[in-house]
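Listed next: structures, encoded as structure tokens.
One chain, chain A, appears in both complexes that follow, with chain B as partner in the first and chain C in the second.
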Partner chain A sequence: MPPKAPTRPATRSPITSLLKAYSEQTPDRLKFIDAFLVFLMLSGVAQFLYCILVTNYPFNAFLAGFSSNVGQFVLTASLRSQVNPQNRTEFKDVSPERAFADFALGSIVLHFFVFNFLG
Partner chain B sequence: MIPPVLSLLACAALASAAKLSLSGPRITVISSDGSTTRNEPLSLALKSDYPVQLSNTDTLKLSFTIIEKDEGKGIRPHQTFLRFFDSDTGEEGIQPLRVSPSGKAKFELNMARPPASLPPTSSSSLSVELFVGSFVHSPLQAYLFDLVLPPSYPTPKHPEESHYHVKPEIQHIFRPDPTSPPKFISAVFTGVVLAPWAVLALLWSQISTPLPHLFSSSIIPFTSTLAIFEVLLVWYWVDLKLGQVLLYGSVLGVVAVFTGHRALVSIGQRRLQTPKKST
Partner chain C sequence: MSTAYALPKDLSRATVVNTASLIRIVALSLISGAAIASRLFAVINFESIIHEFDPWFNYRATRVLASKGFYEFWNWFDPTAWYPLGRVVGGTIYPGLMATSGVIYNVLHYFNLPVDIRNICVLLAPGFSALTAWATYMFTKELKDESAGLLAAAFIGIVPGYISRSVAGSYDNEAIAIFLLMFTFYLWIKALKAGSAFFGTCAAVFYFYMVAAWGGYAFITNMIPVHAMVLILMGRYSSRLYVAYSSWYAVGTLSSMQVPFVGFQPVRTSEHMAALGVFGLLQIIAFAQLVRSHVSSKQFNNLLFYGVIVLGVGGVGAVVGLTYAGWIAPWTGRFYSLWDTGYAKKYIPIIASVSEHQPTAWPSFFMDLQLLVFLFPAGVVLCFKELRDEHVFVIIYAIVASYFAGVMVRLMLTLTPCVCVASAIALSTLMDTYIDPVQPEADEDETAQSDAGDSVSGSSATGSISGAAPKKAKKLAAAAVAAPPSANPLAELVGAATGGPRMKKGVWGFDTRFTVLLHTFGMLAFFVMHCTYVTSSAYSSPSVVLASTSPDGSPHIIDDFREAYYWLRQNTKEDAVVMSWWDYGYQIAGMADRPTLVDNNTWNNTHIATVGKAMSSSEEVAYPILRAHDVDYVLVIFGGLLGYSGDDINKFLWMIRIAQGVWPEEVQEANYFTPGGEYRVDERASKIMKESLMYKMSYYRFTELYGANPAQDRVRQQTIPKPSPTLDYLDEAFTSENWIVRIYQVKKEDHLGRDIKSANAFEGGKKRKRGRPAVGRRRAMQ
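== the complex of A and B ==
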């Protein structure tokens, strides 16, 4: 395995360094949001797989679940970009509190439509 | 002036009453090799026992002279038609005939090249009739003979023929009701769909997020208002009508605006007091 020995660290090192940089440089609050985003993504993928692999029988339920995932992902991603300290220059007029208020309002409207679909 | 007119009218009436007849009607059937297979006179009064049979290559010749019955003089009528009528199918064909000034008429039916006026034939016989019309004679309609022709191709259907029948009753076919998959698959995918919650809990447990003020008096009303909103929406799913949800939601919205304003202002002040910490 002599040829592989040098390549392994070479291929691994970008990913590991990326993970390391992420865990060290990202504020905990953004990690908190990122975890939620990962959860939304996994949940959406699982529902979509169920729809295409098994059945879409309660199609309104699938629509409600999947669209709530997608919509929540969009809202959360925009919240993350607005509260990210590195983006402070781009969102000078938007304080983090304002961003969270927008997020809460958007989420409630989204959930209203989702439950409407679910009915 | 009047007597001549009357006499003219009387003459016309007499003339129109004059009857027509046929003289020497005769049919001849000639086969393809030129030999005559049938040659006989026709009688208008007696129906022949044997219908005239033609094969695909035979030729039928019909000849007669149209005369005035009383005087025996040949005349040329204004209209002369042969009618081929199939009483089984109701199909008929009309063939106009050419009559010479002396009243002689000939008709030749060559089965190798049948005329277009011949109706579509089946195995039943056609009755052949003669119609003679004249302005100055009473009309003549005479049955001549039965004619058996080789069956033709079936009658082409009229494009609108189906409009004249009762259409078959429409049987609606519905898609079968969708069914839920087997319970095992449902259970597996329920687990798969719920698994991200475990991932979420795992990730959040590894992130030590300080929430020091979550239960402070300024923030807890806002978070609880949001929670009540979610409960209201679940309640909407279970039971409520749209109008009720909009009513309760608008009331809750007013509350949420005040509590949220208070909570976020307090957080914002805290953030400004400690500018090193973000959010």
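== the complex of A and C ==
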């Protein structure tokens, strides 16, 4: 879902400035999370292409793998926004440690269902 | 600052908090007790049995689960239902209800409390109604405060709109579904408020439980996305919304696909596409927000804004396109008939034939909700006044559920929790306003009025934002400091009555407050009385036994159904196939334990139409159908003797319509009416009507009961013509005491190969017609 850069008129300067601002302003922790997000996205794209181009035969297996990616992606993205220092005002009840525990619990539940669905 | 009535002075804050929580606990347990107790009318008046039609199947499935274990139940293939076809039960039910009872059963047995599975099934709904009251309390607490929560819990504990589907013995999916609905919504609100993935995951897990329990989970699947969408459109997007929605959707959708009956529907059908669409939109918005935080050019933000719109529209277009291309299944008939209310009647008579699928009349709103009907809009308006994120949810819920409850009677059930919550908000705001003891200072006569208005809204606003307990404590502390020494309510009352110099216009005195509150409590007392009355009189009758009163006023129980079902159970072969209209399929399977042709799970319309055709055609046409399906017994319900109106003659038109949908040439509805277009059973009835199997089976030997008097059908109020219909292909096997259930045995083929009609004529001593037979001799032999 996130790759939306190509859809808008790609003027060069905003993108380069965006990348520059990103690499300068983002803490290392968040960059680490972002790397994981990119990996998940690539993995999801690969599975989706396989489904489209080759076969979707064990459809439950495809869905399990793909939703594992998507689910892990959004849970990680949730963790990212919860631990992002800029969002401190929004998440008053959720400390970064709590956010990580939530993330771990969500991932465990998600993968319980993934493995159950994998069949 | 003066007060309207005396307040205790030397109370520590801790005492107040502790007392308040003790009172809450006591109140909640009393509410649970009332919720359980008011559902036991049917058990106490009659006996502890399963009531309607559907619960009999759930009960039967639960017995399999309890006796054979979960895996047997999961893979259960039932060869006795839908006789030639059988039914894969594990893949065609929502197993949540049975699994819940099975867990309770095993837990109780583990603790050496050997309770019969039937009693667990009977008492499951009352038990879960207590949990529903608690879930509603938690939900309303998030919206306003604990006192509103208690009111909402008390409302939903006894409101007839919910009791109607959850009395003891009504072992239906709704029994646990409403608890799960409210608790899922509570967790969703909680997740949204805190932005916590933990509560989002919990909401997803309970959503999974809800999916496993009730087909109405589609309501949650669409309510939460609509709420999120409205929040986005209102410009209230926040990272909390992203966290809550994403964690709910990712875990919830995957988990919902674990239920075999749901399968791949969440990615394949239109009902679930709103959730997917909003999920995608949220990802885009979240990414846009991230980019926006790094770049501050205004033009760039505009571009992003349009990019979001374009992508959103594109996503909707993709969903529509995929639907048209056939990748995504369109709405199912049941769901579609909610939008196009004429759809079911036109195309799917089997949906329209269920009485619960009719539009709701106004009186049933008043009967099911009484006082809450007119508190409900006030509560919604109060939600508008405050309009936090969770209030938006209640407003949407109110609008959507009101519409659905207006379209279909059975969806009153989903409206009821919302009505209780909104009414509790309204009533608790009222009580906050009038119990709040703060009096305005009496300084100037001119400004008193405006002061009054301001402080009312101010106090109610502060009251609902902060939690009740600390608020109360604060208020008490403030009052204790500022309380006037002469704060005796009686003295206050006297002072008000004599018209002291402090008197102002408005509702400030103790007397006026007292009047308003007295009215409120009076209304609430009437609400309790109404609920109890409606529950005991309208909703607590097991449809298995019919209660009537004898002329001397003593109760008289008509137990024909069980009489007949037990006759079938004890006097027929184990594998004797019983044909009846689909309404009685579950009961026959549950009580008589015999294979049935069709049952209440109406998954195969053609099979039902076959039964409808057999019932509505003449014996000659019906007999090959019966033989082809190995039918041994045919069971009809006949209320003509007793005046039981829900009998098969009154349902006959639906059988004809459903059969007509499949065989339009052979069965035509118009043939069953008189030339004047009337549906009659007396001598003016049409010939086809009189020759139909249903007519003959219902009125067989009926006129003999009356001797020389005219035979009167007490449901139709018509006289049955004298020569009673004769049956050639069926034998009367059993007729219950009050003629409600009549069972006929299908004759085997004649030994000599004659067709049964002529064999009967021969044995009856009737002379065979002389002359050339209409068919060749060889053909007649076959």
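Note that in this section the second predicted complex is superposed on the first by the 108 of 119 C-alpha atoms of A that agree within 3 Å, B and C clash if a C-alpha of one lies under 4 Å from a C-alpha of the other, contacts with A are read in each partner's own complex, and residues count from 1 in each chain.
Rule of thumb we're sticking to: a residue touches a chain if its C-beta (ideal position, glycine included) is under 8 Å from a C-beta of that chain, and two chains touch if they have at least 3 such contacts.
These numbers come from a predicted model, not from an experiment.
With both complexes brought onto chain A, simultaneous placement of chain B and chain C is permitted, the two fitting side by side without a clash.
In the superposition on chain A, contact of A:Leu18 is made with chain C only, not with chain B.
After overlaying the two complexes on the shared chain, residue contacts for A:Phe91 are found with chain C alone; chain B is out of touch.
In the superposed model, A:Leu49 makes contact with chain B only, not with chain C.
When the two complexes are overlaid on their common chain A, residue A:Asp102 makes contact with chain C while staying clear of chain B.
In the overlay built on the shared chain, the residue A:Tyr57 is in contact with chain B alone; chain C does not reach it.
By the touch criterion defined above, A:Arg29 reaches chain B but does not reach chain C. In the superposition on chain A, A:Leu37 contacts neither chain B nor chain C. For chain A, the partner that touches more of its residues is C, with chain B and chain C as the two candidates. No C-alpha atom of chain B lies closer than 6 Å to any C-alpha atom of chain C in the overlay. Chain A residues 98, 101, 116 lie at the interface with chain B in one structure and with chain C in the other.
Per the touch definition, chain A reaches chain C in the complex via residues 1-2, 4, 7-9, 14, 17-18, 21-22, 25, 59-60, 63-64, 67, 70-71, 74-75, 77-79, 81-82, 84, 86-87, 90-91, 93-94, 98-99, 101-103, 105-106, 109-110, 113-114, 116-117. Those residues of chain B that touch chain A in the shared complex are 178-181, 185, 189, 192-193, 195-197, 199-200, 203-204, 207-210, 226, 229-230, 233-234, 236-237, 242, 245, 249, 256, 260, 264-265, 267-268, 271, 278-279. Per the touch definition, chain C reaches chain A in the complex via residues 194-198, 200-201, 204-205, 238-240, 242-243, 246-247, 249-251, 253-255, 257-258, 264, 267, 280, 283-284, 286-288, 291, 293-295, 297, 300, 303-304, 306-307, 310-311. The touching residues of chain A, counted against chain B in their complex, run 27-29, 31-32, 35-36, 38-40, 42-43, 46-47, 49-50, 54-55, 57, 83, 85, 95-98, 100-101, 104, 108, 111-112, 115-116, 118-119.
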